[in-house]
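Below you will find the structure I want to go over with you.
Labels run A, B and C following the written order; every chain starts at residue 1.
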Amino acid sequence: MKRSGSLRSYVITRVLLAFPMLLILLTVVFLLMRVAPGDPITAALGGRVSAEELARRRHDAGYDRPLPIQYLEYLRGVATLNLGTTILDNRPMTQVIAQNGAATLELSFFAMIVAMVSGVGIGLIAGRYRDTAADLGGRLFGIVLYAAPVFFLGFLAQLTFGKWLDWLPTSGQTSPIVGATLATHTNLLVIDTIIDRNWTAFQDVVRHLIMPSVVLGLVIGGVFIRLVRVNLLQTMKGDYVEAARARGVKEGRVVYKHAFKNALVPVITIVGLNMALLLGGAVLTETTFNWPGIGHSLVTYLENRDYTAVQGIIVVFALVVVAVSLLVDFLNAYVDPRIRY
Amino acid sequence: MSDAPVLSVRNLRVYYGTPGDPVRAVDGVSLDIGPGEVLGLVGESGCGKSTLGRGILGLLPDGARANGEVIYGGRNLVDLPMKATRRLRGPELGLIFQEPMTRLNPLMRIEDHFKETLEQHEPGLSDRDIRNRSLDTLGRMGIPPTRFRQYPHEFSGGMRQRIMIALALVLRPKLLVADEPTTSLDVIVEGQILRLLADLKENFGTALLMITHNLGIVAESCDRMAVMYAGKIVEEGPVKAVFFDPSHPYTQELLRSTISLDTTELHSIPGAPPNLIDPPPGCRFHPRCPAAMQVCAQKLPVEQRVEARRVSCWLHGPERQIPSGGQEKLQRAAIGVADEA
Amino acid sequence: MATAARVGGLRASSRQRIASAGRALKPVAEARGIARGMLWAGAAITAFFVFLAFAAPLVSPYNFNAYQSNGVRFKQLAPPSSAHWMGTTVQSTDVMSRVVWGAQTELKVVIIAVAMSLLIGVPLGLLSGYFGGPLDRALVLVMDALIAFPYLLIAIVIAFLLTNSFGGGVLTAAIAITAAYIPLYFRVVRNHVISIREESYVDAARALGARPWTVIRKYVFFNVVQNVPPIATLNAADAILLLAALGFLGYGIQPSAGAEWGYDINRAVSDASSGIWWTALFPGLAIVLLVTGLTLLGEGLNETMNPVLRRRQFGDIDFDSQNADEAEAS
């Protein structure tokens, strides 16, 4: 039962299958962006610049060419990662992605940690003590947490910890002074400040990170509680669990060693499937906390009808979604030899 | 059986709860198993033999209740608290299941399974002792030491069953319950497993309760056999005696239904096993019995013992308990097609 | 009393249908313990909000846009008082009125959205799953791609485009939400149909010569539809969050069309720095409460109706009474 060969072929097949998915998403984005009457340039700048300037810009951006040609150029742009320049502030999209994307990445990463710790921890407890107060409490906690919109939780956090207790900053990624003097390398500020051994900046960055990531993480953790609990209940019905009991293994160990651990194996999938939740939540969190991430940028550009930027950002989202989906499948195939083509 | 029995079951009843009346899966069973003896428990699907096997170890699902006596080591297991029963599972009583493919934890090596079992029951053992005992038992089951650190999915079905048996035997229990251990295995592997089980008495001194629907297995490997129907034992005795001179009509029908190279025509018992929530009055087999008498539909048969054999059938008396006219042949309505299924 | 032989043939079809519906709901009546608690708690909370939605004109002290009464303008940003139980906003509107009217808006949008998603997604999934073929494969490819994409973004884009053309009313918000959820219904229904399609009883019906439409109607549809209430309820919960998110970002209902909780929170977020808590707290709590209620209802339904999760009910077992029966027989 060799593994290496089949894993490789699985990876290749899976990557090939990802292209149609990507293509569909990209096409959908393309069509949506052109459903609106007129074109992005006119919508954004119409009436604000002269007619010749408008025509020139349209020509530069390629909006006066027939639709199929636009489509092909669009695809070529995506393939070469050349997504154009924003209309609003004339930044190349690649820069937007690098800077703002990094901020979103940082936020998402720490939020995910919070989500996993809270969600998995409480989910396991709820499943283990099914139908007891702990189970009910854990489930209710998860339900209520998820029911609270992330911007409402954010508001409550800002009110309590920001205004009334004044423990933590409530907006932005850094305080203005630190932001101005910060040297960026990777755009991931936590890492950058460590590289520079700039401890005041590091502290500042971390303090700004706490509220948004905890708020977003808790909301997502609420979803995890439900998933982990159901998964654990399923695992505890397993045949090998019963066999362990038949050998007289103590109940506590049966639950921990046989049920918990096996129930967590699909966590990879759980995390991956909820990437969409994370991205959506990031948009809202960034707006609430004025976090300079790519979600916030999306909202800003949308408000200003900067369709080029909007299109570019949504393309990035699509790429991330497909990439994560691929990654999840790979990890699964690695862990479980039964999932191969 | 001159020695005291390892296990004595007296009037055991195991019922499954339902929203209505309970299912009487085991309805008043008594039997003894002597030290090192192999007792075969035979019957159709749904006759309660699996429930009986699990009931002995206390491994019943939620909603099931046991009543009666299961005497082991001078104590009634039915009355014992779960903790005490659990301590017996492994070092005193063992159970091997029908489906070996799913009974081992896929994330644990074979070595880990053995370590766990031994550490749970004999905490003072050194690592070296654990390893030696495990390898010794595995070796007797035909598993080489080189495979000790492999994972379950690297073994075939037959080997996994042997590992399960070794896991059960490494603690040297006095009684092993085997619930259809070879049903899901092919015939050749079945032969190997049966040989192993038949030698338990010599190699380990363990008594064996072999639960099966396959009369061939019973003929080959068992010392005594008990025939079960609708939750009750209808006949019991030494294997040779019961095979060559079956007393109960059900046993006779069973034997007539087996297939061998001499079979020219298939024989089956008309009708279907009865509803265990509301079984037929009197002898449970009377609706399908070719020799049924009037009394069979009215009163439960009284158990008769002759030397090492016993049978529950009005054909064998006691005559004085049969009312007048009771020995008339019973006119049974033709068994409708509706009853079959 | 064992097996009462079923007399074959059809009874009056309406009686049969009522019987089927009754059978489908039996697990709900039998629910015990936590599942039952969740079910009824969720139902109560949801019913409360439905009542609010219908009775808004009667229950609410003022109109959702009213900033004056009897010619007297309300105070701006007044804290909760006897005059305004939940205070007023920066535009001098009464918070409580907006919360009550908001219930109507939310429910209007969500009901329309869920209904549209069901009407489109369920038949699509049903037909696609049952007939298979190239159309099915194409649909699956498209839907799978869309499912992985964040709902919020899809909804934002569509809401944005529609608002430009049609104005931001209840219908546009509903359509935006529907678009986001159709792939989900499609996939759930399709998977369920596929698993049923392979069941032996469906095979048997086909072998007897039943036409596809009959098979779908009698076996597949009923089976699938049983799964729909819990999913639709949980989906409604999600839809409210989605609507609130749209409102928060400004792509939901326009203020003139109705009060919406998410929009209100957006207006109120800046109040946090001034320590004004009532403008955002009450709409937010309303969202939490309604979504929690719907989720409890949906999970309760799931636990009672889904055979996989359902806990079988065990009756009491009395061994002694059984003994008496045997003694009688002998």
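In this text, a contact is a pair of C-beta atoms (placed from the backbone, for glycine too) under 8 Å apart; a residue touches a chain by one contact, two chains touch by 3 or more.
Keep in mind that what you see is a predicted model, and the values were worked out from it rather than measured.
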Chain nearest the overall C-alpha centroid of the shown protein atoms: C
Among all chain pairs, the one with the most C-beta contacts: A-C
Most distant chain from chain A by Cα centroid: B
Between chain B and chain C, centroid-to-centroid distance (C-alpha), Å: 50
Approximate Å spacing (C-alpha centroids) for the pair chain A, chain B: 55
Centroid distance [mean C-alpha coordinates] between chain C and chain A, Å: 26
Touching two or more other chains - residue numbers and ranges from chain C: none
Residue list for chain B, restricted to those that touch at least two other chains: none
Multi-chain contact residues (two or more partners), chain A: none
Chain B residues touching chain A - in the complex, by the definition given at the top: 57, 59, 86-91, 94-95, 97, 99, 102-108, 116-117, 120-121, 153-154, 164, 167-168
Residues on chain A engaged by chain C in the complex (per definition of touch): 20-22, 24-25, 28, 32, 35-37, 131, 135-136, 139, 143-144, 146-149, 151-152, 155-156, 158-159, 162-164, 170, 230, 275-277, 279-280, 283-284, 287-288, 298-299, 302-303, 310, 314, 317-318, 321-322, 325
In the complex with chain B, residue positions of chain A that touch it: 1, 238-240, 242-251, 253, 257-258, 261-262, 265, 337
Residues of chain B that touch chain C when the two form their complex: 13, 15-22, 24, 28, 62-63, 65, 67, 274-275, 277-278, 281-282, 298-300, 336, 338-339
Residues of chain C touching chain A in the complex: 33-34, 141-142, 144-153, 156-158, 160-161, 164-165, 237, 241, 244-245, 248-250, 262, 265-266, 268-269, 272-273, 275, 277, 280-281, 284, 287-292, 295-296, 299, 309
